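In order of appearance the chains are A, B and C, and numbering begins at 1 in each one.
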Amino acid sequence: MAEIDKNQSGDTRRDFLKKSSLFTALSLTPLTVLKAADQKVDERFAELFEKIPLNLKVNNKAYTLKVEPRVTLLDLLREQLHLTGTKKGCDHGQCGACTVHVDGVRVNSCLSLAAMNEGKSITTIEGLAKGDELHPMQAAFIKHDGFQCGYCTPGQIMSAVACVREGHANSKDEIREYMSGNICRCGAYPNIVDAIHEVKEGGKVI
Amino acid sequence: MEFFIDENDRVDGIEKVTGKAKYFAEYQLPGLTYGVLVTSTITKGKIIAIDTKAAKNAPGVLDVLSHLNKPSAAGYEQAGGSPMKIFYTDQVFFNGQPIAIVVADTFERATYAASLVKVSYEKTAFNTDFEASIKDAAVKKLQGAPPYVRGIADAYKTAEVKVEQTYKMPVETHNPMELHGIIADWGVNDKVTVYAKTQGVKSTQNTIANVFKIPAENIQVNSQFVGGGFGMALRTWPLEIAAIMASKQLKKPVKLIITRDQMFTMVGNRPAAYQKIGLGATKDGKITGITHTAFGQSATYENFTEGVVNMSKFMYDSENVNTNYYVIPLDMGVPIWMRGPGEATGAFALESAIDEMAFALDMDPLDFRAKNDPEQDPSQKRPFSSKYIKEAYKLGAAKIGWNNRKNKPGSIVEGSWQIGYGVSVGVFNAGRGRASVKGILKADGTLVLQSATSDIGPGTGTGMTLIASKLMNIPVYKIVFELGDSSLPPAPSQGGSATLSTVGSAVNDVCVALKSTIAELAANSNMDATSNFVDVLKKNNLPMIEKTIQSSQNNPEAKNYSMYSFSIHFVQVKVHQLTGVVKVNKIVSVGDSGKIVSPKTARSQMVGGAVGGIGMALTEEAILDNRYGRYVNNNFADYHVPVNADVPDIDVIFIDKPDPIVNPMGAKGMGEIALIGFAGAVANAVFNATGKRIRSLPITPDKVLEA
Amino acid sequence: MINFQFVRTSVIKTALGLVSKDSKATFIAGGTNLVDLMKRGVTAPEKLIDINHLPLKQIELKNNVLHIGALVSNSALAENQLVKEKFPLLMLALKAGASAQLRNVATVGGNMMQRTRCGYFYDTTMPCNKRQPGSGCGAIGGYNRMHAIFGTSEFCIAVHPSDMCVGLVALDAQVVLASIKGERKINFIDFHRLAGTTPEKDNNLQKGELIVRLEIPINNLNKNFHYLKVRDRTSYAFALVSVAAALEINNNTISNARLAMGGVAHKPWRLQLVEEFLKGKPATTATFEEAAKLAMNGAKGFGENDFKLKLAPNTIIEALTLAKAKA
């Protein structure tokens, strides 16, 4: 994390960069992002090089990382930690394929900046099974054929586990509503509902 | 890990539920770089200049490629021709067209740098307005298929009872959950490896070979897991070529994943459609004429046509049928077949009109259909290889409680809701192509089957494994079916509901061949003909035997038959009287697609088709602002695919009777018929509930309210 | 997305100080809307102040006023026992919004700051006065099916997308805002703005101010209430029209009423005149129909959203009917 005091060091860096003519040739486009960049161009480029430290746990493994602030939790998992079970479906919080648990709560990892997860404990689909033993929800998804192409499946399963844990799986209709943040284009919804319903009715603590 | 609850579970289920299944974007290649596309912000015209200075200076950026500096693609060097040659033109054909690719060391840096590329254009006038162009298309006779006439054209006009209506459908987008893209790795000696999202690894291999004029065997295409396709991955899109060019130029692997909004513009769509149906019948309910005129949408730079009017030629027994199909080239990305393709579009119109006619005749729509059900294919004058549609009517009707339906619309009211029932049929050609399969039978009791086919979700491996398991009497967990690899024996692309029939036939044939070899070996070594293959191989000191078989395309008898899969969809809907909200309460889908090889995945296909059908009927519409040529709802929040809460429990019934002609399994495809017809059933149910006939999809609350 | 600076603090004063002296800095809480907008290039702050660690997550009842910290998540608020008992209308509104995952992260303050879903606002190549003042309004004369029918201007016809805010405006909530100068309190109804000539301003939050909490006075509107959201699919979609309705009914006579709409204006649309009309009237369909008619005074369609002129009153009638039937 960028410490608050350290954050004041911008001037030094800006001064340094002003001495270099590295970025003077930058031409601007009418995009909003560039309008914002109209001033202090050099500083902004300095930030491009900036990575901040990040400590988090993923599937009970501790990581000490350096990340650009703009990296999302989803891209961190997939592109840097190579935990590709978590999927990118829309990148805008509109499909649920990227659902993971952060401190036990289901979230869309695509809209969470990695840097916002300092000190947090993340569980992804890779961390759900205990060794070779499938999590009951994973087994139920296989049994009820709760997927076809399988791309939304990790997000569905992470969401489903949370749905039961939250106490929002008391009826099929409640499951339907609380699973509506996970889109399945193959249309496996009824099978997904059956799988969750069975796990819930099974009464096991999951 | 051996984990099979039963033999019908998906063979790749464990990989899919544990996150181990690897889709194209998930392969870690050393030195991997990231490509991000720059897309046109005008709809038509010419690129005057591309200023890449800022982008190239941005941290981590390796290069920016466009038509100004791309590496050579020999196949694109000749002038003219189709398809669009990416980076070989300065022309802009549609808004959102990929015009440059930025490659950087990380995804974030490439994305940022792409926003710094500045493009100047010379704009020209454009046309994206489908409806406004219809009149023009009819005048110009922009035919998408030859006109068809059987008997007298427009005979409906003189019928005792007639229905003449227009039905509209908007652009829909496939939008599989997995974003499109590719990892391209152009290696030394022009050896190219790609990890692709494709419905056909051989097709991708051939396209790349043709574009770059390198031998197909130089190109390795890997596509083991595909996160849905629904048709959009049936071709290699220009953006994939862009990534390969970038890899060729940079001598590094390039990963390109497009964004969700780009999924609306550059990887096809289901084209908008405008259809006129004229139906004529006698007062006692015999159809005397069907006229089906359809307008579809295409692109200016490539043509696209599909089978919108096919069904009208043979589904109902009418002496007089005529069809016309026109396409309208617009300044938009070219469409591509989307699940159920044109047949689903056509079925909505025809099956709505059939329902309108039944109502006009005061007949039960099922009775009306049954009365006009042809004994044989009236367009080809030959029998159907198998068809149990009347049995399907009965089974479905009983399950949904059709006898609760009232023929008079608006008869059933529960609180603020009106209840209605609807039915519609679907039909799709039961095609079969040629495929090769290699079978390796091993002395350890396992069987490996290999074919360069795909699985975009239906469960190809599961179906093939079950076919082999039954034939070879080997448990499914001892069979491995390998696919999605262009080095395997060739198979056609996965599309048109033909994979099970095509590749399954080859699996059948290879299993028969392996069995016959085992029988020979048994005979030669004085073993009993029924000996287990493991014993036979061991006795002969063979670790394994291999056979590669290319299946024939057809049973020789096939030419004497019309071969189709049929479906019938029953729905019960409720419609809110004050808000116009439509909810599908109950669904019964009956499939008549021959013998069911893989019951669990087959059921899932039918369920998935119904869910897609709910989308088509009630929610899906890609909206383009014709002033700008850009989509205004190009995301999953505003383009509404159905969510879980939209979907009730779905009953699936299979006739499950083998087709004696189509292939050795007697099985016909079902991916398309699962969807075809569904939207009509919903529209018909909305009419039955309310008396309001909505002829324009999707049936959103505003349309119901204002009808 | 530019590589902005990222600063985290757990001290409110520090957070306020950081934003007050830096015009390119902004707060980030749940980020469910801000990160989305940054990815689309709609906004590009150069510094994000992560406020998730500020001590603003309490829900407490003090002197018959419910205090809700601005960083309480939408889920936590909807599941809170006090909210369920005292303000079930708010609970329904919260649960009608977004998805379970988004509600887990989205905060109360962030929900209030949510920007419109207008497609022209989101596409940086198209005109939008809200995103780029002076560039024009794409929705007027364009795709405006989702757009406003009340309080529109020639500059902008976008709607505020929140459900929670529709519930809050009906409940007479107040908003406490903090800046380095101190705190101020405004009525929730005055927080959001109409577009007028300055559609770039969604609300009356001043630069450097932070939403710190909401206060909702206890009322008797927890028996006959309903939140009805009409949308294009059953869940996970923005409202075509939504209605928050709450009634106090004694001997079938309405003694108190609250009515607000979503999906119809640039701000959550409170219908105080209609509430006054309802008071003292019998709780009958006829009353509800008259109220709905009254509610539509001044409504204006823009073509594709003309249907809202019919849908909106119908939704009011149905919401009031369901509220009445609840007891």
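For this structure, a couple of remarks:
Quick note on the criterion: contacts are C-beta pairs under 8 Å (C-beta built on N, C-alpha and C of every residue); 3 or more make two chains touch, one makes a residue touch a chain.
By chain, with names taken from UniProt: A = (2Fe-2S)-binding protein; B = Xanthine dehydrogenase family protein molybdopterin-binding subunit; C = Xanthine dehydrogenase family protein subunit M.
Predicted model, so just to flag it, every value in this text is computed and none were measured.
Remark: the per-chain Cα centre closest to the mean position of all protein Cα atoms belongs to B. The pair of chains sharing the greatest count of C-beta contacts is A-B. Spacing of chain B relative to chain C, judged by their CA centroids, is 40 angstrom. If each chain is reduced to the centroid of its CA atoms, chain A and chain B end up 30 Å from each other.
The set of chain C residues that touch two or more partner chains comprises 1-3, 41, 234-236.
Shown for chain A are the residues that touch two or more other chains, namely 31, 33, 48, 68, 70, 91-92, 176-177, 179-182.
Chain contacts: chain B has residues 108, 112, 115, 635, 637, 642-645 touching two or more partner chains. Here chain C touches chain A in the complex through residues 1-9, 14, 18, 24, 28, 30-32, 35-36, 38-46, 48, 50, 52, 75, 98-102, 104-105, 124, 131-132, 234-236, going by the rule given at the top.
Per the touch definition, chain A reaches chain C in the complex via residues 1-2, 4, 7, 10, 31-33, 36-37, 40, 44, 47-48, 50, 52, 68-70, 72, 91-93, 96, 99, 105-108, 111-113, 115-116, 118, 159, 162-163, 166, 168, 176-182. Residues 22-23, 25-29, 31, 33-34, 45, 48-49, 68, 70-71, 75, 78-79, 82-92, 94-95, 97, 124-126, 128-129, 132, 134, 138-139, 141-143, 145, 147-154, 157, 172-173, 175-177, 179-193 of chain A are the ones that touch chain B when the two sit in their complex.
For chain B in complex with chain C, the touching residues are 41, 108, 111-112, 115, 416, 576, 578-581, 583, 618-619, 623, 625, 627-628, 630-635, 637-638, 640, 642-646, 700-702, 705-706. By the touch criterion given at the top, residues 1-3, 41, 117, 119-120, 122-123, 125-126, 138, 141-143, 145-146, 228, 230, 232-238, 240, 307, 310-311, 314-315, 317-318, 321 of chain C touch chain B in their complex.
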